[in-house]
Amino acid sequence: MPQCSATEGGYSARELAEMLGAHLAGDEGRRVTGLAPLSTARSEDLSFVVHADRHAEALQASAAGVVLVPAGANLPLRPGRTLLEIEDVYLGYARVSQYLGAGHRACDPGIHSTATVDASAAIAPDAHVGVGAVISAGAVVGAGAVIGAHCCVGRGSQVGARSFLHPRVTLLDDVTVGERCILHSGCVIGADGFGFAPAGELGWEKIEQLGGVVIGAEVEIGANTTIDRGALHDTRIGTGVKIDNLVHVAHNVEIGDHTAIAGCVGIAGSARIGAHCAIGGGVGILGHLSIADHVTLHAMTLVTRSIERPGEYASGVPHQEARLWNRMLARLRRMAR
Amino acid sequence: MPQCSATEGGYSARELAEMLGAHLAGDEGRRVTGLAPLSTARSEDLSFVVHADRHAEALQASAAGVVLVPAGANLPLRPGRTLLEIEDVYLGYARVSQYLGAGHRACDPGIHSTATVDASAAIAPDAHVGVGAVISAGAVVGAGAVIGAHCCVGRGSQVGARSFLHPRVTLLDDVTVGERCILHSGCVIGADGFGFAPAGELGWEKIEQLGGVVIGAEVEIGANTTIDRGALHDTRIGTGVKIDNLVHVAHNVEIGDHTAIAGCVGIAGSARIGAHCAIGGGVGILGHLSIADHVTLHAMTLVTRSIERPGEYASGVPHQEARLWNRMLARLRRMAR
Amino acid sequence: MPQCSATEGGYSARELAEMLGAHLAGDEGRRVTGLAPLSTARSEDLSFVVHADRHAEALQASAAGVVLVPAGANLPLRPGRTLLEIEDVYLGYARVSQYLGAGHRACDPGIHSTATVDASAAIAPDAHVGVGAVISAGAVVGAGAVIGAHCCVGRGSQVGARSFLHPRVTLLDDVTVGERCILHSGCVIGADGFGFAPAGELGWEKIEQLGGVVIGAEVEIGANTTIDRGALHDTRIGTGVKIDNLVHVAHNVEIGDHTAIAGCVGIAGSARIGAHCAIGGGVGILGHLSIADHVTLHAMTLVTRSIERPGEYASGVPHQEARLWNRMLARLRRMAR
């Protein structure tokens, strides 16, 4: 971390309109250095209105100098205000957040003197290897990649170009991370899958986990999430997959491109998740089943068998007053007898 | 860790009575060096009786030299036994545990030779910075604070006076920790919130997370818990909040003072939790909702909408024999058709 | 990690037959260097057939040079194929995976120059202490044990002979790990239990956690799992227990020998789990209760009271289409009124 420095830029309304493909109304020279909600924005901030009808009043009251608004909403221009009209305001907001904020991941190239890098590892000249990081034999760190403080990169593991490992990420051996990925602190990629053969009264015999993990490009993996190595094949995470914090992905799992997984999800071994799925927080998915593309799972759903059709699925129970809930449970128990 | 040394003290019954505001009966000079349950206590230990009626026999049989008992319980004194009568025995036990046990967090002041401290960071002279710790540009470590081995403190982050970071805690940039907090190993504070704008077949566009995290005084945060930074504002944790292990707190969440959160809880983005709440293990709380003060949530409850009144809420289903449970499920499914 | 080197061996079919106690049919000199499923195995690989009837065709088509098959299945031998007949194929597969794959945990003995080892710690001469590891006062590392990069071993903690700590494991003070254990990256053993006495409007008074953690032999602990120290006694994990990733074991818990616990399980304080139990993913177990030996808990079950008889228990709700599920919930609510 010490060698990284935030680069804080700023843009004119004109520049932003061009970058976003937005239509500009008002002062095109107005400078934007920050992003804020309507209620707290200052004149040098850009803000945004997703629902023109709901937020017209807040827009009126806001001090924001530049505001992203939905094309065709015909929101009134007032003095000192520049509007940028765009089809998808939320997507525009995401892009502006990147223009203004991605600099906080900028790092100077070079290997910190406290890092331990094996002689057989290949580190791109413009990569950054942080304080105390460990790069093992045969590992590869691509162009412009950042290996944060105290990260461990195992034997034969690869970090793709411009990927960013925050401090204290662990890649065990034979883990491949694609380009432009972001891995958050504490995540562990490539620990042994949970594989044991029952040996009766003797307990459990370990099955060595001989596969690796392959992660596509533009994947983001949350803090303290774990993705286990495969038993015989690789565990595979598709392109553009986004995984939140404290998610458990077991061995041999395959996750399709652009699927998003919220926090505290557990996915058991050999499950195959489709592409463009949206998996809510706290969901549990049993092993050895398949989920189709474009499936949405509501929070705390338990998936017990394959899902073959796109759509929304659920089994989470909404909270009740405890007294009412106990009555519902008692009724259910009586019925079953 | 190597520079920390446990300070093991001892107190006379008289001293403890004064510290606790307890009424003493018996030998006031008796020395206490340890804490133990009635069944295993030795004569130099203090033990305690919360329910006088239930534990009278165990008290009789115990070798404990000093025992905390409820005021007014009229428990019999026997030779070699000192009783300390107090209104709230459990609270008294907590305080004695601190007198006897807090020394295990004592550390010598100073910065370990293997730590990497940026020249622009401000470390109090009596703070401790452990083996391999990383203190980034502009960070502040307050008086008597302890930064354990391999901790990372990000740019502009602040650790309040007398706060204690166990080994391997990560604070990303712009995280403020109040005074007298305890952060356990592996917790990650200030990783990016899970924010993406949908971009159709292209997947997800990252929304840079430009807020920070602000944590009040006397907060305790469990091992491997994660608290994400806000998108535009700060994520806020109130004074005296206690959070157990493996809890996920998403971006923009606000948690009121003195709320306690058990293990494995997930709280989604922009949820606002009240003060003095008690949140059971494995609870899931959806985003963009509010929970009033003094709400109790039973284990594994799913909160799907705002809770406006104090009280107890639940939706966790108690276990059944699997055969009976399957029958209940089948019945429920038939009913719904 | 840099000092560890994979040892890749190979065996003849004859050697494997002897090691497994299997009956050999075919070429006993055939060499095996890898393990693979029937579909991808090459001639130098060993593969296996658990269900002779289901996989006869795949066996026929496979290029595997040696195949483990169930004794008495009378599967046809073909040229270039060696069969090893054995009672329990899956157990045999586990053992072969160990013969071929355990080498990836081989490490050269010695203490890395970047490690920080307290003068009062006792490190066996043939133990390995990795990059940046911290070994505190009074700690003991047994014969042939491996302490991975950036691990922290607290004061007075002990790591048994031939145990393996992957990079970035944290043992706090007074943690005892038995022989031949495997601890995966990011796990935290011995953090404070979540113990507080209510102090009314003042919030919570910390109860110092004065016990330790005792872990038996041949235990495996998953990535980012947490096992807390006891309040007054030790938290105890029996021999041969296997724990997956992101599991939370609270203070004072006792887990019987050879119990297996899948990912994302939470076990509350002072729960006593029997021996030879199988606990499914996402299960929650309340505190201060007992579970008998040989209990199986299905995924996402909530255990709310003691279980006295062996058997299978459940309360997880299988997913439904969201529309159908909402109808079921509405029906249930109506019934309860």
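A, B and C are the chain letters, set down in written order, and residue numbers restart from 1 in every chain.
Following the convention adopted for this analysis, a residue touches a chain if its C-beta (ideal position, glycine included) is under 8 Å from a C-beta of that chain, and two chains touch if they have at least 3 such contacts.
These numbers were taken from a predicted model, which means no experiment stands behind them.
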Chain contact topology (line, ring, star, complete or other): complete
Same-residue or different-residue interface between subunit A and subunit C, half as cut-off: different
Averaging over Cα atoms per chain, report the distance between subunit A and subunit C in Å. 27
List, in ascending order, every residue of subunit A touching at least 2 other chains. 114, 132, 150, 168, 186, 224, 246, 264, 282, 317-318, 320, 332
Subunit C partner, complex, touching residues on subunit A are 114, 116, 118, 132, 134, 136-137, 150, 152, 154-155, 168, 170, 172-173, 186, 188, 191-192, 194-199, 201-210, 224, 226, 228, 231-233, 246, 248, 250, 264, 266, 268, 282, 284, 286, 296-298, 301-305, 307, 311-315, 317-318, 320, 324, 327-328, 331-332
Residue set of subunit C touching subunit A in the complex reads 1-2, 4-6, 34-37, 40, 88, 90-91, 93-95, 97-98, 100-102, 104, 112, 114, 131-132, 149-150, 166-168, 182, 184-186, 218, 220, 222-224, 239-240, 242, 244-246, 257-258, 260, 262-264, 276, 281-282, 299-300, 316-323, 325-326, 329, 332-333, 335-336
